[in-house]
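Quick heads-up: structures coming right below.
In what comes next, chain A is part of two complexes: it sits with chain B in the first one and with chain C in the second one.
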Partner chain A sequence: MEPMIPATLAELAEMIKTAEKFRLLAGGTDYMVAHGRTAPDRPVIDLSGIAELHGITFSENEIVIGAMETMSALSAHAGLRPKAACLCEAASRVGSWQIRNRATVGGNMANASPAADTPAALAALDAKARLVSSRGARMAAAGDIPIGPNRAAIEPDEIIVSFHLPIKPGRISAFGKIGSRTQVSIARLNLAVSAVLEGGRVIEARVFMGTLGAAALHCPEAEKVLVEKGLEAEEQFGGALAHAAAEAIPGRSTLAYKQSGARALAEDVLTGLRAEAMKGRL
Partner chain B sequence: MNDYRYVGKNILRADGPDKVRGRYGYLADEPLYGALCGAVLFSSRANALVKSLKMEKALELPGVQILTFHDAPASRYNSGEWFPGQNDHPDETVLTGHVRHIGDRIALVLAEDRPTALAARALIEVEYEDLPPVVNIDTAEEMAARLHEDGHSAFPGRLEYGEVDAAFAKAALIAEDTITTPKIHHAAMEPHAVLAVPRPEEVLEIHSPCQIMFGVQHAIAEVLPLPLSKIRVIKVRMGGTFGGKQEVVFEPLCAWAAWKLGRPVSIDTTREETMVATRTRAATIGKVQTALDGEGRILARRFDITADAGAYLSGTKKVMMAMGKKASRLYRLPAMRYEGRALRTSTTPAGACRGYGSPQIHAITEIHTDLMCTRHNIDPVEFRRLNLVEPFDKDPAGAADLGNARVRDCLELGLAAFEWERRKSPSAEGRFRRGAGFACCTHGNGYYKTIYHDVAGMSMRLMEDGSAVLRAGVHELGNAAVPVLAQIAAEVTFIEPGRITVMEGDTLFNNYDIGCQASRGIFVMGECARLCAEKAIEMLLSEAGKIWEGPVRFINGVLHTGSEIISLGEAVRQIEMKRSQAVEVHIQHRPEFNPACYGVHFVDLTVDTLTGLVRIEKYLAVHDVGQAINPSFVKGQIYGGVQMGLGMALTEELAFDDSGRPSARNFDKYHLINAPDMPEVDIILVEKGEEGGPFGAKSIGEVATVPVAPAVVNAVNRALGSEMTVLPLTPARIVAHMAG
Partner chain C sequence: MNIELTVNGRLRSANVDTSMRLIDLLRDEFRLTSVKEGCGVGECGACTVLLNGEPVCSCLMPAFQAREASILTVEGLEKNGELDDLQKSFLEKDATQCGFCTPGMILTAKALLMKNPTPSRDEIRTALAGNICRCTGYTPIIEAVEDAAAKAANLK
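Let's turn to the complex of A and B:
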């Protein structure tokens, strides 16, 4: 069975309408592991030919990232890093060079592995996903899409077209990850944080932690610490993250480790944020 | 240092270019036309009786045949027995209706192509009657009857010499520790595969990437009514083994299926299948007690060792005994008692794995030694200076003399190069803690003066163009076993290594050899190659003396007669024409030495106390190798040995839950140290020669991985002021320790 390769979103919509069951192939780095050894059990629709899913563009108010942009493209994008450091860092920490050359930011979100690295970063940057189906288009907050282990709030006939990141003056961000190794490693815990600084003070913070049952767990208590205590409050920030972990996975055998890891990431990410603040002199 | 032409030189290996270009085909890359593809139906239960197999749907697929445990021979064998009469307890069958671990073999599904075989396998429904899994080593003995019906609850072994109890009674100090080492996956790049081909005249041909071809032959003869002479085992190109392919796993099954069906049969496996269904490094729990006199000299040691054999005894009792035999060859132990046992559990079977018990026993003793020193304020360096063996010591346990044992040179050179004095004090504050550690170790060089025989046979023919063929029963494991024999033969014959073809194992055409095991490759087979090449040159000169007048001398690769200089090829041609005599010799080499080789490794590392991750900052490996035949090969073995040892120390562990389910079945959850995390490894080689080895060489491949884990654990314990003794020191274990 040859894969179908639509060239436009319109063609894709037609294929989705006619195929009863199908699988969407983005970068294939999850698909091939799960299904690569056997003949496809369902028609495969390869998204690589659709131009509308590619591109990283900047306007005055937002950055638009096509869902088929690869981790490598995000990592290496010079224009993206100053405005979305945590996303570039998350993308650069995914898998190996070979994986990053194939894996896409849309696929990472849609696959919704709890250990995915970019969903937390997108959520921290307050990104919205643009989802399209034959019923039309809608926008959804990135943080609302991963709802459980490999469960995403995406309809079967919907696809992610792009992510829209609002540009906010004074926003800095950082990402941290603990794996079993420094590279080529699945996250045991990851953390993405953005903060809007004004006159050296944090006026707004967004904090999302991954691997705790879903890919991007919102941590409002930790956000509050940053707004109230600033970027130096590693101890309290780490405490709030550890508390969030305990609420997310109570009684799990891995909890103690994840709580310690949360304190480590609290230090690492706040160190990263302070460095970002210095760079931008905010 | 020496005036060798080839020995000690970094000559490139002939298989290198093909391997790095992906053109070195392995068994599964080059399927035999017409062979049936076999997919093994593996158990999904840890301990259960197979009540029924529903195979109707599977058999509807085109060309599918299924052989089940009902069809299979009842003969039991032991996968670690490599010679008739070794009396390793046989408790394994080619297929079984009582599955004893997840990954045990129930049936073999055969089809004309692999996708069909896999599809058919997926359609088989297995009904199990579950029995209690045996996953806790502490209760394995009392539960033994639930797993095996043979009445054996344990396989004990014991070694003792000297006045042990008297020594403990008069000791100034007694220290004791219990250390746990993990079950480990070999992680060879090539998963297990085998091909069996029935040939005319009842010859059954087995193509296997194996380590002991005559051992494979023996194992197959245990299950098939064929004489050894009709079982031809061909060692095929191998993508790594590390002991994982030393024991038979799928060979008897594949051979039986091909013999029964009269068709070639291949069995190929995935990583997951190789991980759960083949062999592992045996996990051990080792209690060690040391009695010291008032000056810190060892008076005696007592050991109590439990080795987890997994579901079948396999070679685990041999491994457990090998551990004991290594214990008296590193430090001078006036008295020793070693009590051990191999126990069976419903987990993946253990067996040979690089070092064959040495990594386990030296992890146990070297971690214990450091903890004892710290606890009692003994300088760990001075302790070694006081107690390490000296060159030419005897083994008080009665095994072969230690030979030119240069462990003290390794220690002193290493201490200086590593700047131990500067690094030894840990920085014990804050989140990141730095510490240094080291460990010493020893390993062997063959089987001389053990309960096993050791013999290598080779033949060599000098060719008419001055090239040569060396027929050696060698198994290239990836460790350069083949090119190094060519290099040795080249040194003797002056024929360039590239013009010497070394033939690998084939039981039909090779001389008897006991296989590539026990670190005997260089010391025994290398010496055999040297002797064989010498004999070929002797024959050449003797025959030449019958053609040409006057004394014929061999100088720089050519023959000097009284009046002329004759090339080697010309001499071979003349001898063949005029004397009807090929220049072809055969030799059997029986070693009369089995010296010890040594290594001391040093490591400086940083522990992140919050994440539990350990970063290696500096690594130094010092090895007593006698003489490096090819230094780049030696270093390659050490780099790889360090990589494996770091895994044993920090990340690698096959764990099983209460129902006998493996926590890791692939590399997503089983973490090897990868290239980005590999430290630079500095290497110092001590080359002071070893009697009985070719040009003074002795082994490196196994010993290189032995001291790594204890050196790392000692460094972590020093960094944290901890006494962690359960390996590997995973991030979770380190974090749990920090939490108290």
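Let's turn to the complex of A and C:
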């Protein structure tokens, strides 16, 4: 079977409308592990030729990241790091250099592995995904897209075109991850946190933890700790995360490990946030 | 479908289908057997080639996605019968044993040195994290990369 290679979003929309069943191929780093050299069971639509899916652009209010941007592009982007540190850090911790050169931010979200690293970071930055189908376009909160193991709240005929990150003055963020080794590792647990500081106080926080059944578990209790107690409250913050883990995967054999990991990540990520705050003199 | 790509500086064309991986094209069609298949799932780095100067796992890339790209394998490093400095350093520092990981290791290191001619030891370790060696214990490999970087710096 030959791949279908649209050059524009309009061509892609036409292919999606006519093909009854199909697979979308982005960087291939998940697709090839699953399918390798076996002949595809349905037509493959390749997204690598569509220029509209690329680019990282800044406006006054938002950053727009094309869905086909790679983990390497995100982690090395000098302009992105000051405004979206947790996303750059998450991207730089995905797989190996080889994987990061192909793996895309859109693919990481659409594949919806519970252990994916960038969805939690996008959610913590209040990113919205722009989803397009022949029926039109809609925006969906990044945190609402991963809904279970390899299940994403994206319709079969929709594709992720871009992620839109609001720019907020005084916002800092950090990402932490625990895997079986420090590099080239699938997350056993990951944590992305953003906080808006005003006069040295946290006035708003966003906390998302990954690997607990879905790629981005919202942790409002931990957010409350940061707003009420600040960036020093490691123990209470870790306690809130451990509690969120217990509610997400009650009775799971790995829960004790995840809770212990959550407390350790709480320390790492708050240390990272305090360093960010110092850098930005917030 | 027919694709065109540059392989080791030479324009090539090939007929590929959806399920042909880049490694299959390079090994089976172009007979570039320095490209090794270790794990086949992107964990070992033995199949690393440079795609437009960037290391990628050729086992994780459909061949048709390499259309119009420039690919470098170890066969393309030698110039006028002389090995690349990095290859010489690998030999001098005994950085190979069984040799299976060596082509991928050299290409990832090559990409690193092209971007960052004077990497720190940590930067070398991070760059090579996706290339697994089961023989050497890595120390001679890191020393070989440092050696090649130092020699290139001294030439300036």
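Definition applied: the second predicted complex is superposed on the first by the 282 of 282 C-alpha atoms of A that agree within 3 Å, B and C clash if a C-alpha of one lies under 4 Å from a C-alpha of the other, contacts with A are read in each partner's own complex, and residues count from 1 in each chain.
The rule is short, and it goes like this: contacts are C-beta pairs under 8 Å (C-beta built on N, C-alpha and C of every residue); 3 or more make two chains touch, one makes a residue touch a chain.
Please read these numbers as outputs of a predicted model, since none were measured by experiment.
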| item | value |
| --- | --- |
| Which superposed partner A:V64 touches (first chain B, second chain C, both, neither) | neither |
| Touching partner for A:M1 - first (chain B), second (chain C), both, neither | second |
| First (chain B), second (chain C), both or neither touched by A:A115 | neither |
| Partner chain(s) touched by A:A256 [first = chain B, second = chain C, both, neither] | first |
| Contacts of A:L25 with chain B and chain C, given as first, second, both or neither | second |
| First (chain B), second (chain C), both or neither touched by A:V227 | neither |
| Residue contacts on chain A - larger count, chain B or chain C | C |
| First (chain B), second (chain C), both or neither touched by A:Q183 | both |
| First, second, both or neither for A:A141, with chain B first and chain C second | neither |
| Touched partner set for A:A246, first chain B, second chain C, both or neither | neither |
| Overlapping contact positions on chain A, where the chain C interface meets the chain B interface | 37-39, 183-184 |
| For the chain C and chain A complex, residues of the former touching the latter | 1, 17-21, 24, 40-43, 45, 48, 51, 54-57, 59-62, 64-65, 108, 111, 126-127, 129-131 |
| Interfacial residue positions of chain A with respect to chain C in the complex | 1-3, 5, 25, 28-29, 32-33, 35-40, 44, 46, 48, 72, 95-99, 101-102, 183-184 |
| Complex interface listing, chain B residues touching chain A | 115, 118-119, 270, 431, 608, 610-613, 615, 651, 668, 671, 673-674, 676-677, 731-732, 735-736, 738-739 |
| In the complex with chain B, residue positions of chain A that touch it | 37-39, 178, 180-186, 188, 254, 256-257, 260-261, 263-264, 267 |
